[in-house]
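Got some structures for you, see below.
You will see subunit A twice below: alongside subunit B first, and alongside subunit C after that.
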Partner chain A sequence: MTDIATMPQPVSFGRRLKRFMADRPPIPLIILLIILVVILQILRPGIVNERWIANTAKFAIPLAILAGCQTMTMLTGGIDLSVGTVATMSAFIMATQIVNQDPTVAFLLAMLPAVLIGLVNGIGVGVFRVHPLIMTLGTSLIGTGFLQVYQRTVIASGAKIPGFLNWLGTGLTYGFPNALFLFVPVAVLIVFMLNRTGFGRLLYAVGDNERAARLSGVRYWQVITALYVLSSLLAGITGLLYIGLIKAPSLSLAEPLVLPSVAAAVIGGTSIFGGRGGYTGTIIGALILTVLTTLLTILQMPEGGRRILFGFIVLFVTAAYLRIVEDR
Partner chain B sequence: MSRFLRNQGWVAGLFALLVFLFVVTKLIQPGYGSGDFGSLARAVLPYAFAVAAQTVVVIAGGIDLSVAAMMALTSVTAASMMNGASEEYALFVVPFVLAMGLVLGALNGILIVVTRVPDIVVTLAMLFVLQGAALLVLEAPGGAAAEWLKASVIGTVPIPGLPDWAGAWVPKALVLLFVCLCIVWIPLRRSRLGLSIYAIGSNELAAFRSGVPVARTRIVAYALSGLFAALGGLSLTISTGIGAPIPGPYLLASVAAVVLGGVALGGGKGGLLGPIIAVFVLRLVRTDLTLLAIDPNVTAIIEGLIMVAVVMFGAFITMRSRPAGATA
Partner chain C sequence: MTTNPSPQSPLLDATGVAKNYGAVAALRNASLSVLPGEVHALMGANGAGKSTLVKILTGAIKSEAGRILIRGQQLDVRSPADARRAGLLPVYQEPALIPDLDVLSNLRLTGTPVEPFRAWVRELGIPDLDIRETARHIPLAVLRVLDLARALAVEPDVLLLDEMTAALPANLAEKVLEVVRRQGDAGRSVIFISHRFVEISALCDRATVLRDGSTVGVVDIEPGIEERIVEMMLGTRIEKTRVTARAANDVVIAGGGRPRLSVRNLQLGTKLNDVSFDLANGEVAGVFALEGQGQEELFAALAGSIRPTGGSIDVDGAPVKFSHPSDAIQAGIAYVPGDRAEALAMQRSVRENIALPFSAALRKWGPIRMRREQVVVSGAIGRLQIDTRAQGEVQRLSGGNQQKVTIARWIAANARTILCFDPTRGIDVGTKQEIYKLLRELAGQGKSVLFYTSEMEEVQRVCDRVIVIFGGRVVDTFPVEEADEAALMRAAYGLPRGAKADVGILAEVKPGSNAEAAS
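The block that comes next holds the complex of A and B.
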């Protein structure tokens, strides 16, 4: 009798599958991505080819880097809504300063507002303990104001897109988008930092239990300041990449990417309350959103219908994903 | 008791700031009179409703990113329904639009409760959905508003027994605002439901264990937020005479005024009076800067700086009054 009691109960296939997916969070996301691509192929046979993949990657990469900023800040329980403004600022300054300046000087000038905004964000959140949502919204408001004032001082000199940004944003090498030269190192760096370095561990620790982290001797404000500066720097670099892709400097260049970047990180399984998640999921989340946008464009829906579907799909994916991952 | 004093102190300080700003305005522009005050009240109207919408959910421990989109949707719905319709038809449109706001707000709450996705993500998804719906209703700014509705915010309310010069300082828009807010807020504040909203914002687990229906209360809070947002949308249509499908800057403004008004992000603290005074303060600052003939772009910078500085100051005060080491 006791033998039977101790025998492992046969686990149903569905349950085992669910557990398998829960242990490897990116797998259900990859499956979803493949399903979306298959739907696309059925709707428009032949669309999925080498060129389409390269194009999708080109548009997914800026989103993925900005979503990386969100992932890192969300791990500590924060959020960085100033990434859009920072990216726009660096892109706009680069495009206007390159006209009269040396490329290196223009690059440094473009990165200056990124560092400053990151620093202010970090001090506000880390030292003054302002809610990150408010802090980053506020700095993005200030940044946009400065950009508008700046725009009028350079209106006469005009703007151009430097050749190497053009190459980086739109060029292909053996069929691979050149943006990968930037993205692969950045992605590897973020993943390595989050998983293998002390700083990455601190981010998880602060987000998981701030009090415990403080009591264990973590200097909270230093970690947070470094984090927001890093996030802003990444956003600034994304702006340079994005201007090479879009080729039209405007004052709202990267703004439309902000909310999708939050969505990408959330779909990718990073908890908005901190302490849980990773960058691999976020990258797939960004790819899912990009493919989804293509899909909705191909359906030839009116703009309004597209937005409605986009909203519901983001909600549905997040809810489904939470069910799979949380139910261990 | 000390907490009560501190909260009331914040509101009192804010009110003093408002009075100070009025004095400054009068100094800058000696001609500043009742007519200007009336236009200030009209400009404040949509902002005040947006802030009320945000305040209710923030007190309940949530956040609503869909406020501005909800206002856009209700505004275009009202404008397109009243377009070419008779004056009496508007009597039906107003309750219809308010009910729509209530239902859509409740939908926000239901989605949060049912899917267990964080509120910030649900309302972000709803932002896209509502924006899309607004574009489907009206693709470009248009529509119309009934004349009697337009007249309801212009001019002053004659109060018997009050001399003319004093009556001129009671604009209809201000009276409308206070009547609408009081009808909803005062009974709520005194009811069990209002207490429950504060309870779930303050400590959800404790509220649950004391028998507060947490899920239902949350849904009601979001429904009320939807109602206030619908009022905001209506007031937009009334004051401009048309509906615009692109959301205005009300999301950022609402969050800023909520924080400025002494309502803690995180919930359970503050009231409606503080944020409403904060809206007046923020608008009046804008008026003053315009009167000083400062470039509107610089105005955006100054507004952002004020917001960030006030929030930092508020956080600093809160931090000082807490025992060291305690988490916020």
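The block that comes next holds the complex of A and C.
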């Protein structure tokens, strides 16, 4: 292997730039994020300050964690549409149970539906081979139904937001949002898991070529079941964080985050067909979506126009990004 | 058995047909001439060009040279529909009915008349077919018969049957052969592709033999002709016979000569019937077979991919039942499939692909010890001399290097037994040599290798012993010294060993009986 032909050939600047970015997938995303922030600053001079940054981070974090669920499931060629329902359920149960229960008990009760839904998703997808889209959509509807039933039983007791979640969701420490205390360990853990653990390797391998994984001795159902339980647990924790941020328990609390979480993972470069992607890109994707929402709000467009524009931008960014990264 | 002796002009006459795939010549100069009312066998070893010729005749691909006349008229067959209009209808090995439609809808789709179809189905030995049944729920053997009935129902002038009796139970096969025979008697022609001399002798009037993409002879089928046909398929190569005994063949048998793998009476549906053999430690045992004789199923069963329906597998003397490939891996048996796309995560790195089995078990899901993994993986990479310039994604490697990765995985995992299914398919000569050398080295270290190949040359280069499979049975096992090309070819076609002096098995066969040649 010493005969590598190192021919010095003139490469155009554009081509070199493209290559550079293709080798480091997060870089074009970071550039896009910076461009968006600059546009924002131009449109509304002075808006980009410490408070704005903290606020953006606060809203981006729940989205980023849910997008982490999508990233992990998408790596195996799946998707988890039940994250919104799971987050809502755990938030709602927490807020109602804390009234009469010990916080630990309330927490465990809140995480119970998350584990159950994750388990059902995992077994459905991994053992019975139901398509993840259908499976998670189904459990999501079932979960919502249960939540409605549950709501009637606790209607008398009322709800409150535990002080701790309030602190976590909205508080600041030295100007940094407290949500980072939750997010940083979660993000580090996900990145570490995907790159440096056997389980992470298997997520990529199963998504890339399930047959090859099987021939290497991987049992698909084990990987998939563990994955969906993990995804649901993360969604449940996100729900607790989100209720601390929004402070108004409702039956559709986290539902609006579901599709943006998928979009954040896709913008972040995770292939929806599996086997390719990572969490770093997803985090930046979540930031991009949050900044974009602010930008469109500032433009004072009517809600309809904002949504249309949002959709177009998501499509455009994804297509452009894939062109940059996949052309080698 | 009547023949059609009148000197008629041929119904189908193809001459000088050639086809290249890139630099590879699949057909050089093939010809095939079929008389009205004859059943004509098309024969040739693996890779001789049979399937390419069939595809050209039926319009699936276009030839680059040559002329095809049907009833004396030059015909430009551009599509399967053209071939159909010209009266040429194929029945392929793979069932052609659309699985999600019922039989009746499938018939409508091809404009097949229903009543004649039903009559043929009854004739072919299936009295109670429900044509409202969805094709997916019909057993494979019946599907093949339905394909044939569908073709017969439109009364084609030339019927092209590709390994028609493979995977058919004996009673159905017998009916099929009978019907095909009567086609000939009724003045229609049949091109019959088969590896089974027994059927050919019972059925066919003449045979065209292909070798390396050219027609090397057309012979009348008569008792004793199988020897000539084998000679023609081998060509000049028959001269090169004796194989020197392998020097490094003194197998160090550990564990008191107990075989590493012992397979007894293995059965799998209609694909494998009664396969028995042993694999010793320190041995490379070759499996030689024509296409589709059950070798895929044998390897899949040994690798734990599919469960056999009967028989037993013993590893180191203890019986095992594999329900998942991980069970086989646990027992130290690794499977390298012939299709690299089946074994590799193409978007992942060389390292991840090689290390994949390490993470498979539940208790290995935790943090990876990166440094130790690096050492193991680079050891395997070095041993196989994988070119790692494009190691970021396996799909960017050359085919030969990809194949090396599939093997390196099991070198790194230190598997004691490696099942290699045609590992040198479609890779360059240099890499082939390296793989041969590696397999010999593994045997030298006391590991055992089961090596399926469709190339006779590889048997002689790599194997200590060869197991020949035909029609889902082990028909012969012999040491490599006796495995010259003629012997291999004869065995692969189910002809008995050393029977040249005999009258030949064609003298006393009944139609439909299965070839069974024990040594």
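What we mean here is this: the second predicted complex is superposed on the first by the 321 of 328 C-alpha atoms of A that agree within 3 Å, B and C clash if a C-alpha of one lies under 4 Å from a C-alpha of the other, contacts with A are read in each partner's own complex, and residues count from 1 in each chain.
Here is the rule we use: contacts are C-beta pairs under 8 Å (C-beta built on N, C-alpha and C of every residue); 3 or more make two chains touch, one makes a residue touch a chain.
Since we're looking at a predicted model, the values are computed, not measured.
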Partner chain(s) touched by A:Gly275 [first = subunit B, second = subunit C, both, neither]: second
Dominant contact partner of subunit A by residue count, subunit C or subunit B: B
First (subunit B), second (subunit C), both or neither touched by A:Ile35: neither
First, second, both or neither for A:Arg307, with subunit B first and subunit C second: first
Partner chain in contact with A:Ala205 - subunit B first, subunit C second, else both or neither: second
Contacts of A:Arg196 with subunit B and subunit C, given as first, second, both or neither: second
First (subunit B), second (subunit C), both or neither touched by A:Arg214: both
Touching partner for A:Ile155 - first (subunit B), second (subunit C), both, neither: neither
Common interface residues of subunit A - those touching subunit B in one complex and subunit C in the other: 211, 214-215
Subunit A - residues contacting subunit C, complex: 1, 4, 192, 196-199, 201-202, 204-205, 208-209, 211-219, 222, 226, 275-276
Of all residues in subunit A, those that touch subunit B in their complex: 79, 120, 124, 128-131, 133-135, 137-139, 141-142, 144-146, 148-149, 152, 210-211, 214-215, 259, 262-263, 266, 271-273, 302-312, 314-315, 318-319, 322
In the complex, subunit B residues that touch subunit A: 63, 111, 115-118, 120-122, 124-137, 139, 252, 255-256, 259, 265-266, 295, 297-305, 307-308, 311-312, 315-316, 318-319, 325, 327-328
Residue ranges of subunit C touching subunit A (in the complex, touch as defined): 303, 305, 324-326, 329-330, 335, 337, 341-348, 352, 355-362, 364-368, 370, 387-389, 409
